[in-house]
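Please go over the structures that come below.
Presented sequentially are two complexes of chain A, the first with chain B as partner and the second with chain C.
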Partner chain A sequence: MSPGWVVVAPAAGAVFALAMGARPSTGWVGAGFGLLTWLLGLLVAVPALGDAAGTRTVLTSFPTGAAPIEVAFVVDSLAALMVLLATTVALLVLLYSVGYLAGERRRASYTALVLVFTSAMSLVVLADDFFVLLVGWEVMGACSYFLIGHYWERFEARAGAVKAFLLTRLGDIGLLFGIFVLASATGSFSISAAGEAAASGTMSTSQATAAMLLVLCGVVGKSAQFPLHTWLPDAMPGPTPISALIHAATMVAAGVYLVARLDDVMAAAPVARSVLAVIAAVTMLLAALFAVAQDDLKRVLAWSTVSQLAYMFAALSVGAYAAGVFHLVSHGAFKALLFLGAGAVVHAVGGTSMEVMGGLRRRLPLTFVTTTIGFAALAGLVPAAGFFSKDAVLGGLLDAALHEGSWQGWLLLVSGLLTVVVTAAYSMRAWLLVFFGRPHGADVLHEAPWMMHAPLIVLAACSLAGGALVLAPDVLDPLGRGPADLVHPVLAIATTAAVLLTALVTYAEWWRVDGIDPVARFGPVRRGLFAELGVGRAYQAAVVRPTWALARLVVATDRDVVEPYVRGAGVTAGGLGTALRWLQRGNAQVYVAAVVVGALAIGLTAGWLGA
Partner chain B sequence: MSVLFPLVVAALLFAIGVYGVLARRNAVLVLMGVELMLNAVNLNLVAFDAYLRDVVHSGQVLTLFVIAIAAAEIGLGLAIVLMVFRSHRHIDVDRLRELSDSAAADEAIARDAGTPTCAPGSGA
Partner chain C sequence: MSWLLPLLVALPATGALALAVWPRSSADRLGAMVGVAVAAATFAVSLLVAVLTWGRDGMRLESEAAWIPALDVWWRAGVDGISLPLVLLTTLLSLLCMVALLWERPERVRALVLSLLLLETGVLGTFVVLDLVLFFVFFEVVLIPMWFVIADWGDRHDPAGRRRAATVFLLLTVAGSAVMLVGFLVVHAHTGTFDMVELAERGGLGMSTQVQVLAAAAIGLGLAVKAPMWPLHIWLPDAHGKAPTVGSVLLAGVLLKMGTYGFVRIWVPAVPEGAQALAPYLACLAAVGIVYGSFACLAQSDLKRLVAYSSVGHMGFVLLGIATLTPVGLNGALVANIAHGLITGLLFFLAGALKDRHGSAELTAIGRGLYARSPRLAAVLAVTAMASLGLPGLAGFWGEMLTLLGAFDPAEALPRATFLACMVAGGVGAVLTAAYFLHVVRRLCQGEPETAPAEASTRELATWSPLLVLTVVLGLAPGLLLTITDPAVRLLLGGDG
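So, the complex of A and B:
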């Protein structure tokens, strides 16, 4: 079966959902197409798991005069994993959305956009041509813009949507030129050809470095890494299921996927790897620290996504390929779970601020249990999937630091271990603030309907059992590029001890100050982190305000310099018309007299001049 | 015979025609003025045809054309005069001012058009 069907099915579903309009059944239609896509994804992906070479299908080829653009798909183990992840999360999100959007008017556009999003992500992971990948990449950018701005009546939603679009677009310029560099190095737009050229050494180091540095611009923008990290938390005014979709399986995962896909080229470009390592080291710790100070549950989760993505980039930047892909998959499961759980909490409480939550343990028992599993996986507690994948990542970093002695390995290892502690702290804090302590707000809370519960249960099961992937390293890394072992017992014990200790300290602090926010007493440090160290404000001052000033200058120039000429032309013509109007008196004989006099005058003048 | 005599006669005829077109108020007389001017031109054509001894007599041929066209033109002109008389009950060109571009003329047109059957707001 052609892998193209995984792309076509959700796109067809989007058309269908739009045609359905705002009927209550539109959500079910979306879920139905999600199921169809998931089944097609299974058919395409399952046979390819563990397949290193993959099968390549070329649908059609467009001659361009130079390298042709081929609509080509490749299904190998990485693509298969990503298709499974994307279609599964999309199916669960669509099912969840049926309940979440029960009272919503804009069902049709929402369902259609989620389906297009899924289609675009499938296109990205299946494409074997940079331009086909770019199409999916940009369609995802557009869909995320529309979905973040779903509640466009709210200012933050509009601002967040524009910010997400502009920042990812800024990186995409780099990606486009990176594609050109790769194409000029290999003479084709094929992704697998780029990998082969780099692996066989026909691509020079300088070409690989230039290409990957440019591609990293796009990746950093899409995956919200430092310094383009500010858009992801501001994308939170969008609907919560969308956050689950964007953070777990699509959009931000696409950046990690692209780096993993181009791992061979990365290996040929040590400078690009070092740049990625520094970006990852800075991002993971910074984002985790930001997460500690936030009041808004969804913002905490958004920063945690940024931080966890940095883990994946860290693993990929030291060549721990399997660990990076492993963490991508397990993070996809538990972050989707956390966001959908947060959605259930928001649904019940009616707000995203953690100040209005608290004591939800007894009121939302199912959400409590599933979200607890999610937080355990995020913090990296045994036996959740996050424990195994994070252990694999840290093990890869340790290998790089100890055995290769690379400074990138040491930097990432220190940053990664610190981030483990901070992650445990913010997970514990959020968990305590949401589910424990004194209840706030409304007394009558009810659990969400079953279509919102089912995805939570499925994802909780995946988050618990996902660690089993550690037994199948062939699926994660069929070429055996990374370190062979994914399990590092000593490191695992050490990090578990650190996580438990941090959680205990956080709990003690929370208990000591009687259920108040445990970071409240950090004062100025907390305020600085809450303001995200002013990075957003600095961008505001350095980029946004000058742009506005320039825009105002252009407007003023148009109004005060260009417009007078335009108006002047109109006013002059109008005045002339008014003056000439006076001549048209209605007496035909006067006109004839004017003609005669004029003809005489012309004749006499001509005669006089000719004489 | 000098060519001057027919030229002077033609000039006189043309001047009378111009006077008729510019100064007469009766539309039929204005048309007669037009005819006088045309015939003045015809006289010129014939005179120069003879004076220049044109072997193909193009002046005379052109005169025949002008006569034919003048006949058609006067037929059209008289038809217009007839229609004007039917609608206005006069053929005084000084009073035919509907084509003037003035507020007064606009009002006059609006008044003339304002028959009870089609004026806005006056329907049954």
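So, the complex of A and C:
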């Protein structure tokens, strides 16, 4: 069967959902197409699990004047794993949404966007042509934009949507240029050709380095890594099931997928790997610290996603391919669980701030149990999937540090171990603040309907059993890229002890101050972390405001100077006199003209120097 | 000898003539219907042209006849992969404009339809003729009806402003065309022919580099005014701001393309050494236009002016693609041309609909919350904005991506570093384009509804839907266009370019 069906089926479902409009049954139609997509995904993916090379199918191709663009698919083990993850989470989210959006009117656009999103994610992971991948990649970005802005009456939703789209798009321009470099090195837009050229050495180190540094721009944007990390937490005003799908299990994971897919090219570009290592080391710890200080449950989870993605990049940047892919899959399961659990909590209490939660353990028993499993997996406790995958990642880092003695390995290992502790602290804190202590807010709470419970149970089961993937290294890594061992008993015991100790300290602190937020006593440090060190505000001041100022200047110039200049004297005589008078006026518009002429001059000089 | 292309050009002209001589009383009522009938017939002929030439390389359906032998002026016409998409775009947009007039019922509709049909004749003539003098004639024919359309049917609230805008448009373009004609005469003086096909085959033979540079500068200037290239774009925002909806749609959708088409058809092949010498300058000005246009859009408060400035940016991509002098750059330019025609045509339809409802195209006058007030119109606007900002999977992406790819690897004789700088500027422009379109969606579609509901009627949606459908289709299958432009472009550049 053509893998294209996994892309086409949800897209068709989207058209169907739009045609249905705001009827209550639209949600069920969405879930139906989700089921269809999942079944198709099984048919396409399961036979390919463990398949190293995969089969390539070309639907059509067309000329560009340079290399042709081919609508080509490859289903290998990595693609198969990603298809399974994406279609499973999408199905569960669609089912969950039937209950979550029961009282809402904007069902049609919501369902359609989730389905288009699923289609786009499948396209990304199945594509074997960079431009086909880019279509899926950016369509996901657009769906994400619309879904974050789902509650468009709210200011934060509007602002968060724009921010998410622009920051990821900024990175995507880098990705586009990276594709140009890869294509010029291989003479084709095929993704697998790029990997082969790098592995066989026909691609030079400088080409691979330039290409991967540019590709990393797109990856860093999509996966919300430092320094483009600010959009993901601001994307949380969207509906919570969306956060599970887009901002945990799939779209942000696409960045990790792309780096894993281009592992051969990364291996040929040590500089790019080092850059990625530094980014991962900074991001994982910083994001975890931010997560400790937040009041908003979804914001905690968002920062934890950023931090966990950095673990995957850490593994990939030291060549621990299997560990990175393992953590990608296990994180997909337990983070979807956590977001959907958070959705059930939000559904019950009517807000995302942890100040209105507390004591929910008895009122929402099923949510409590499943979410607890999610938190355990996040913190890395035995026997949850997160324990095994994080152990594999840390083991890979340890190998790099001890056996290869690389500074990247040491940097990542230190950052990774510190992050383990911080992760345990914020998981414990969030767990306590939501489910324990004194209840706040409304007295009458009810558990969510079964459509919302079923996905929680399924995901909890996956989060518990997912560690079994450790027994199938062929599925994670059919080519044997490394690391050789996914299990590291000594390291596992040490980190488990650290996690338990941290959890205990957090609990003691919480218990000592009688159920009050345990980080409250950190004062200014907490305030700084709560404000996320002012990075967002700094970008605002350094980029956004100057851009607007320049835009206003351009508009003023075009109205006041250039028009009369052309309309009146400018066309014929007096050009020189006008220019002289103009220069003497010394006002802002001249500067704009100077900037423009300067830009022109720089471009031409660059050409002259390059020639 | 094929009569199809002369027929294609003559049909709208005949319709215009018929309307002119028709008794006044009944013609005014029937004006729009006659317009629709003639435009539909023209569209049908263009489809026939497409069917007959699709997938066949080289110049097709050629016709030739001496017209003014004393001046060496011939009727020569033909169609290939470069002109065919533009012909189809022209006939489609003209038809949709006529249909829009059918519902809109403006004053003195007969005269308006007459003007639009003349306009269509001029544009179609420009795209199919293969003689420099005829090209010039048709290029000029377009101006007069456009002047009337803007000056007489433009912004109802600002009669002085619309007249001024129309006059600036006319004067600038005429000045540019005059220079262009000088360039044509220089070419003729050295080669003894106005035949565009022959000139392309000669590839500048008979002209020294100096002469070619001079000719390329003159021809390029005239075309650049029309395109419009920064800083010759001054006429555009005003003309669009004041033009009626149909005027804006045709102005953005097809008139601008006459400039870029001329670059591809004449400038690149006929004076290749001149083009090569001037290409870096063209690329830099195009890149400045991309960034400048985006900045101008960001702080723009009038929706129609904003879409006009966005055209400056988008046409900057087209010019950049042409300046690379590579097959991929030219393909990108041609695809971006068509995509811009569809998407910006649709944007002007939408902006016009909003202006009609609120009496002004100011963002503050239109107000927030269109998602609630007019969900269907708002959804079309949001999708069109996504298309215009170049979302992969919609039509706007492919052309601009290919022009940037061309700039990444320009023709060998060109300075690569200049083009890399231009490519980066284009990338910055793409991000800024996303910024201003999201700003528009945020200001208009989202937020608490401010003014009365104003949902799009089924008729309006029907008028817009062909453009929307084509935007999606060409976004998913850009190969439809590229398979016909690519052979033509390679032929034009000679060998494998």
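Methods note: the second predicted complex is superposed on the first by the 553 of 611 C-alpha atoms of A that agree within 3 Å, B and C clash if a C-alpha of one lies under 4 Å from a C-alpha of the other, contacts with A are read in each partner's own complex, and residues count from 1 in each chain.
Methods note: a contact is a pair of C-beta atoms (placed from the backbone, for glycine too) under 8 Å apart; a residue touches a chain by one contact, two chains touch by 3 or more.
Note that the structure is a prediction, hence the values are computed from the model and not measured.
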| item | value |
| --- | --- |
| Touched partner set for A:Gly149, first chain B, second chain C, both or neither | second |
| Touching partner for A:Ala551 - first (chain B), second (chain C), both, neither | second |
| Partner chain in contact with A:Gly103 - chain B first, chain C second, else both or neither | neither |
| Chain B versus chain C as contact partner of A:Arg169, first or second or both or neither | second |
| Comparing the two partners chain B and chain C, which touches a greater set of residues in chain A | C |
| Touching partner for A:Gly201 - first (chain B), second (chain C), both, neither | neither |
| Shared chain A surface residues [contacts with chain B and with chain C] | 596 |
| Residues of chain C touching chain A in the complex | 168, 171-172, 175, 231, 234-235, 237-238, 280-281, 283-285, 287-288, 291-292, 295-300, 326-332, 369, 371, 379, 382, 386, 391-393, 397, 401-402, 404-406, 408-409, 414-425, 427-428, 430-432, 434-435, 438-439, 442, 445-448, 478-479, 482-483, 486, 489-490, 497 |
| Residue numbers on chain B that touch chain A, as the complex places them | 18, 21-23, 30, 93-94, 96-102, 105 |
| Of chain A, residues touching chain B in the complex | 581, 584-589, 592-593, 596 |
| Residues of chain A touching chain C in the complex | 60-66, 69, 109, 131, 134-135, 137-139, 142, 145-146, 149, 152-153, 158, 161-162, 165-166, 169-170, 173, 176-177, 180, 183-184, 547-548, 550-552, 554-555, 558, 562-563, 566-567, 571, 596, 599-600, 602-604, 606-611 |
